[in-house]
Each structure stands twice: as C-alpha cells, then as structure tokens.
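In the two complexes that follow, subunit A is the common piece, with subunit B as its partner first and subunit C second.
Entry: the complex of A and B
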C-alpha cells in the first residue's frame, strides 16, 4: 500500500547547535494509521512532527505525499499544537479560528463559515453557542477541543498532534484522547501523536516510534515494544514510566 | 467606566493639591509680583487682601477650587488676562505640533519595529537597533540645533522657527490648527507653509520617542511571532505582509498602545525645550515664560491641563484595550 506521507533522511540542525536536532529520520505513515512518537525531552520529536506538517523546513531530506515527491497539498495535513493557550488567535472569536484554514483553502461566505463552525463545535463536543466566544473565555481542555476542531475543518487525511494533552489535567486529558479516538474511527484519519507519555501512546497508537538524539532508534507495535524495549532509550522510557507509576 | 472617571477626578484633585502646595512653598511674594517693584508696602498689602493671599492656605485652596469648578483658572500675574484664555490660545499650536510628531512616531515605531522583528538577528535588525539607541540617546535640544544648522543653515530647506512665514496671514480660525484650517479653507499654499514650519520641531520631538517606540514594537512583535497561531498562519501559505498586519501586529499592539497614549499626553503637555528652540508659541513656551515670571496661576493652570491630558490618555488606553484585545475588555 502506498504510504500517505513518507519522509526520507530528514535532517535539521539549527544555527549554533552542536548536533542535529533531527538526524536522518525516515518513516512512512499509512492511511488511517495512528503512529505514536515517544522520546524524552529534547530528542527531536516535536521538530520532526513540525517538519512532517510543513511547519519547519528540513536542512536535508525529502517528503512524499501518496507516492509523489513534495509536501502535502494545502489542507491535507493539520497540526494541533501542544499549548492551547497560544495556538488560537486571542483577538478572534472561535468561529473565526475554527474556520480560518477552511476559508483560506476556499472562499467561504460568512454564513457558510458560521455553519461550518457550528458543525465543528458539535464534532468536538462543544455547544454551537460557543462560536461567538473568545479563547480566553474557555478552559484549557475546551481550547484544545477548538484546536482539534480547527484542525478538522479542512477535512485532513493526516492529523499531527504535538503533545496535545500535556498542558491539561488528567480528567480533561482522557476526554480529549477519547475524542481523538472517536474522530479517527469515524473519519479514518491518519494521526501522528508526539508524546513523552507511554500510557497515552500505548492506549492510542497502532505503531510507536522511539526517538533519541534526533534518530528513530526503535519502532513496533506499542504493547510488544514497551513490554520488551530493544533500545537503551526505549528501556529508559519504560523504566521511568514504571518508577513513576509505582 | 464610572469608576475610572471617578478615579480620574481623584487624580486631578490630588494634582491640584500638590501643585497648589508647591506653589505656596516657593519663596516669593505673589502680591509683590503683581504690584511691581516700585509699589508701596500698603499697596502690596491691599493687593494681598484683594487676591485673598492673607487668608489661611486651606481657604485659599477652597476658593481656587470653587473658581476652577466654574472653569476659572485665575488671572495671569504677568499679563493680567485670564489664564484659561491664554492656555486656550497656546493650545492649538501645541496640538498641531504634537499631532504631527505623534504621527511620525507611530510610522517610525511601527515600520522600524516591524522591520527589525521580521529581520531579527540579521543586519537590518542590527542597524535599526543601533539607530534606535542613537535616537534615544540624543538630547532633544541637540537634535533641534543640528536640524536647524542642517535644514536651515546649510541647505536652506526649512524655516528655523515660528508657525508661519511673517508675510502670511493666519487662516480663519476653525480648529486653531493652522494647517487644518488652511486646508479647510482651500488655502493650499498657506497649508504648505505651515507644514514647512512644522516639520523640524515635529521631527525634533519625534526622533527620540521613535527610537523607544521601534524597540517596543520589535520586542512585542518578536514575542507574538513565536506564538503558534502566527506560525500556523505562515504555514497556511499567507504572505509575510498578511501575517504581519492581520495576525502578528494587532496582537503585539497592546503594550504599544499604553506607551503611545502616554506619549501623546507627553507631547500635548508641552514640549518645553523644542518649543523654546523653534520659537513655537505653544503651551511649552507659555509655561517656560510663566515659570520664569513666577506666574503661579499660569503654572497651576498649565499643570492641571497637563494632568488632564494624562488622565484622558489613560481613559483612552482603557477603552482601546477592550477594542484591540477582547481579553482586556470589560468583564
């Protein structure tokens, strides 16, 4: 099966850094697949996710979308940021933020935007009357729901999530994760979720990639991989997880 | 809003008390100043009684405030004319100068600050930061004198002082702002002459503040440009211009609004040095003369007017916050 998004030898080293942040990463994501990227702080997982979403240009390496070289078409990939407090424009009402990407992709009338916003709000479990509110009037969990709704506006085939629940408390985390699972099941969207939380990735992903020092050091089915990690980084993550769990 | 207005009144009342007390602490005799050096002691005592200066300080203050409530700022010791009338005459010249200076500051601040932020870490940024530091560091009187030496002395491009060339008659007063009044009357040559007279003092006033404004816009913009919603707009394929003007700049303007409003109040409060250098007949020159002549009613009147500008600026800032950023609007 042709990969939805394939990356080959991606590399990025910011000016002044002693070593690459992302160092020759290759991966492929299949349609409808849920891929988790695990790793400790500074391992390059966020940088990699941003390159996959086109938010950061790699120094070297290539992307291919459905077998064709080049970046995905506009709207095909959406990104959900880690921090729901800075990912929404604070000066704009939620209907505007929700439908901004869709309006950029194709001209929409004001009425169509409002209608789309209502639809997206319902999809992410919020009442349509939230459309006229501003981000500061919502809780962190509600904002993240809006960010997810916004990401869905262009009907993407791939959703990349950068630690979407790390800024939220546990009960809200669970609701957001369940929302993502139900969206994936209903829309068959491929998802890539970056996290340092093994429990979240084990619960959500079909496949997990472990990153260390800018490289993918291990990959596999989450339960099997996390039960018997082969890499030092994987073993370290599991050990930290178990010690925290105790 | 009512609470803010009440707070403004309290501030103005405080300013009036402080200014009144300070003017009383200055070792001079107002009655003697009014009577003149040659007047007899009896005449001075008579004037002291007429002006109520022989009464206790709280009574004098209460009397002053009663008059103030009616818009009466007292009579100038130097001219014998009502202070309110004199201030009203000097105000338009200062407003005209302040507004042009303010526009120059806004353009410079937004343009240079945005350019520096967009080119952060590269040569345009370094150059703009160097220029800003130079603008901030240069004393106003020095900038004024250099401009006069260059634009008037060397190049003979602009007049060195005054509001209008001596051979021209001021336009019919509608707003009191010569430039605007001339334009309203369709007197374009006169308007041009007004602008040439305005340019140097306005630039002198604007340069130092432009440096601060550019630095503030740069810092604020750099912060906003790192926010995820702005990154997202960039990735969506929007041009840098659209990202800057529709996404980043409006979010970066909040701290700038405060500075800009206070700056405008500052400019309206009379640019004493600049007006003195360019013989500009505004509030700054008026106040300088009032201080030199120990004209306490005039000093009091000007101080209250300046305090009113600051209080109004703060009120405007509060209102603008709500417009620019819904997070800061009324709860």
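Entry: the complex of A and C
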C-alpha cells in the first residue's frame, strides 16, 4: 500500500546547537493508521511532528505525499497543539477560530463559516450554541475539542497531535481519546500522536516509535514493545513511567 | 503535633451560597505522605488554600476548623497567619516558571526565603548551596547565579522544593507539582519530594490528578468528588478495591486499565 506520508532522512539542527535535534529520521504513515511517538524531553519528537505537518522546514531530507515527492497539499495535514488555551485566539469567538483555516484555503461567506462551525461543533461533541462563545468561557477539555474541530475544518487525511491530553484531567482525557477513536472509525483519518504518556500511546496507537537524541531507536506494536523494550531509551521510559494500575 | 487536621470544613461561595467543600475532614501526620486526588473542580486545590488561610475572594468558611501544627487558623491575626506561612507551612505550586521571579537570580530568591526563615546573613550562601545539593542539583555554586529561564523544568521544580523545605516546615502542600514535567523529571522530582518530607518529618499533602504518581509515592490516598471526601485509605486498597462509585469511575478512565483502542468509560460532569 502506498504510504499516505513518507519521510526520508529528515535532519534539523538549529543554529548554535551542538547536535542535530532531528537526526536522519525516516518513517511512513499509512492511511487510517495511528502512530504514537514516545520519548523524553528534548528527544526531537515535537520537532519531528512539526516537520511532518510542514510547520518546520528540515535542513535535509524529503517528504512524499501519497507517493509523490513534496509536502502534503494545503489542508491535508492538520496539527493540534498541547495547550488548548494558548492555541486559540482569545479575542475571537469560537466560530471564527474553528473556520479560520478553511476560510484561508477557500473564500467562504460569513453564513458559510457559521454553518461550517456548527457542523464542526457537532463533530467534536459540543452544542452549536458554543459558536459565539470565547475560549475563556470553556473548560480545558472543551477548548481541546475546539482545537480538534478546527483541525478537522479542512477535512485532513492526517492529524498530528502534540501531547493533546497532557494538560487535562483523567476523565476529560478519556473523552478526548474516545473522540479521536470515533473520528478514526468514522473518517479513517491517520493520526500521529506525540506523547510521553506510555499508557495513552499503548491504548491508542497501532504502532509506536521511540525517539532518543533525534533518532528513532525502536518501533513496533505498542503492547509488545512496551512490555519488553529493546532500546535503552525505551527501557528508561518504561522504568520511569508511574502506572496507576495495580 | 499533627501537621494538619481539618474537621468538618464547609466552604461556600458568598454570591449564591453554593457549597464548594462539603463537611471535609482529613489529617496528615508528621512524616506522612498523603495524596489528595480527584477531578478538576472536586475541591482539591481549594482545600490546600483553606489549609493556609488563603481562600480566594468571594468564598467563605461556613463551618469546621483547621489546625496547622496544633495552631487553629480560625481567628488568627494577620501577622500570626503570615508567620505561620513563613515558618510552619510551605506551598509548592504547579508551574515553577511562574512561581519563581523571572528577573532575579536563583541565589537571591533562595536568600529571601532563608532570611524569612531566620537564617543569619553570613550563612545564607552556604545554606542555599546545601539546599540545592540536597536536591541533587549539579554545581550549586553556578546555579545560584542563574536565572529561572536558564534552568530546565525539573531543575526549577527542584529549586522550589529546596525553598519549601528551607524553614523545616511541619506541613508541605504540593499542588500538581509534577504535571508540567516529562516522565523522567517527574519520577525524580517525586522521589526527592518524598525523601525530603520523610527526612525532615514534615507532613506532605500531595495534590494531583496524576493517579500514577499518587499511587507510587503516597502512604495514604484521599479521593475528593464534588467537594466531599469519598475515599480514604492505603494506595493498594483505594486503587485495588475502591469502595465509592466516584473513585471507581475515576479509576475506570485510566487508559492502562482499558482494552487498547476501545472507548474508555466516562461519566457525567466536565467535558
């Protein structure tokens, strides 16, 4: 099967850094696949996810979208940031934030934007009357739903999520994870989730990649890999993870 | 003297009389590590604020009593309350970046805390270096000259823990201190926090929504829901056989207990 997005030998070293942040990473993401990226602070996982989303240009390496060399077309890949509060414009009502990306991709009338916002709110499980509210009027979980709704506005085939639930309570996290599972089931969207939470990645991912010092050091099916990690970085992550399970 | 005893505490909102903490009773013994867990809005942080006499404006204590190291907070004069906060009880916040002053060096901020704790001026540098060394921070002399933004999140949180224990407090309240940290920094900060509390015989009330952290470091777990205490027992009992439906609901949302890629059970409440 042709990969939805394939990355080959991506490298990035910011000016002044002693070592590359991303150091020769190659990977392929299939349609509808859920890929988890695990790693400690500074391992390069967030930088890699930004390159996959086209938010950061690599120093070297290539991307291919559905087999064709080059970056994904506009709107095909969306990004959900860690902090739902700082990623939404505090001075704009939610309908505006939800439809901003769609309005940039193609001109939309105000009525069309409102109607699209209502549709997106329903998709992420919020009532349409939230369209006129502002970010500060929502809970953390509701704001993250808005961030996911905004990411869906361009009908992406790949959603990249950077620690989307790390700022949330357990039950709110559970609702967001359930929403992502239902979106995958109904729309077959591929997802890449960056996290340091082993339990979340094991629950959600078809495949997990472990990163350390800018490289992918291990990959595989999450339950098997996390039960017996082969890499030092994988073993360190598992050893430091404080599970609440008895 | 028991570091913290809260009896039948009820806190209401003045504007509409809504009860936010409802008849809460708990205690933390010397050297004991007690985890206070629950969802957002369950009243965990409000309990901590009440325990240091710092209820937010608009809220009032309707009933109950709070004793910190044998001193009843009710009716305490402002000066006495300030002294209690300086010498007897410490609070460690979630975000070390906003808890530290960004424009002052770590050494100056530690010296302030030591001055309040009664440490003579000539001893402060040596004492500050010893506190940082206790937190396993490398090169304490260099660290004293650094600004908060030059430290990692885990290092900043360890500086705050050093400050919190500088006056040998009877009670330490740690409010979501590991939420902003990654897995390895979190494990290290937790280990140091608990180690320090046990060494100094301080009671530690560890407030968190991170059930994994609570399970690993606490002697006893308290679960709050809707402003009430719904569970109180050793970690093995609370996590293994929770008695209340609220605690069972909370634990059911743990991804590590679920079948991979199957919907997690969720109850009502916040979205």
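Everything that follows uses one rule, which is that the second predicted complex is superposed on the first by the 241 of 246 C-alpha atoms of A that agree within 3 Å, B and C clash if a C-alpha of one lies under 4 Å from a C-alpha of the other, contacts with A are read in each partner's own complex, and residues count from 1 in each chain.
To be clear about the criterion, contacts are C-beta pairs under 8 Å (C-beta built on N, C-alpha and C of every residue); 3 or more make two chains touch, one makes a residue touch a chain.
This is a predicted model, so every value here is computed, not measured.
Undergrad: Is the arrangement of subunit B and subunit C around the shared subunit A a clash or a fit after superposition?
TA: Fit: subunit B and subunit C sit side by side once superposed on subunit A.
Undergrad: Now for A:49: first (subunit B), second (subunit C), both, or neither, which partner does it touch?
TA: neither
Undergrad: Which partner, once the models are overlaid, touches more of subunit A's residues, subunit C or subunit B?
TA: C
Undergrad: With both complexes superposed on chain A, which partner does A:219 reach: first (subunit B), second (subunit C), both or neither?
TA: Neither subunit B nor subunit C is touched by A:219.
Undergrad: Taking CA centres, what is the subunit B/subunit A/subunit C angle in steps of 10 degrees?
TA: Angle at the centre of subunit A: 70 degrees.
Undergrad: Looking at A:81, would you say it contacts subunit B, subunit C, both, or neither? Reply first, second, both or neither.
TA: The first partner, subunit B, only.
Undergrad: A:177 in the overlay: touching subunit B, subunit C, both, or neither? Say first, second, both or neither.
TA: It touches subunit C, and subunit B stays clear.
Undergrad: A:91 contacts which: subunit B (first), subunit C (second), both, neither?
TA: first
Undergrad: Subunit B and subunit C, closest CA-CA distance after overlay, in Å?
TA: The answer for the closest subunit B-subunit C C-alpha pair is 15 Å.
Undergrad: Of the residues on subunit A, which ones does subunit B touch that subunit C also touches?
TA: none
Undergrad: Could you pull out which subunit B residues touch subunit A in their complex?
TA: Touch list, subunit B to subunit A: 227-229, 231-233, 235-238, 247, 250-251, 324-327.
Undergrad: Spell out the part of subunit A that touches subunit C in their complex, as residue ranges.
TA: Against subunit C, subunit A makes touches at 34, 40-41, 125-126, 139-142, 145, 167, 169-175, 177-178, 181-182, 196-200, 202-204, 222-223, 236-237, 240-246.
Undergrad: In their shared complex, at which residues does subunit C touch subunit A?
TA: Residues 39-40, 152-153, 179, 182-187, 190, 209-216, 236, 239-240, 249-251, 253-258, 260-267, 269-271 of subunit C touch subunit A in their complex.
Undergrad: Which residues of subunit A touch subunit B in their complex?
TA: Subunit A residues touching subunit B: 53-55, 74, 79, 81, 83, 86-91, 97, 100-101, 104, 134, 136.
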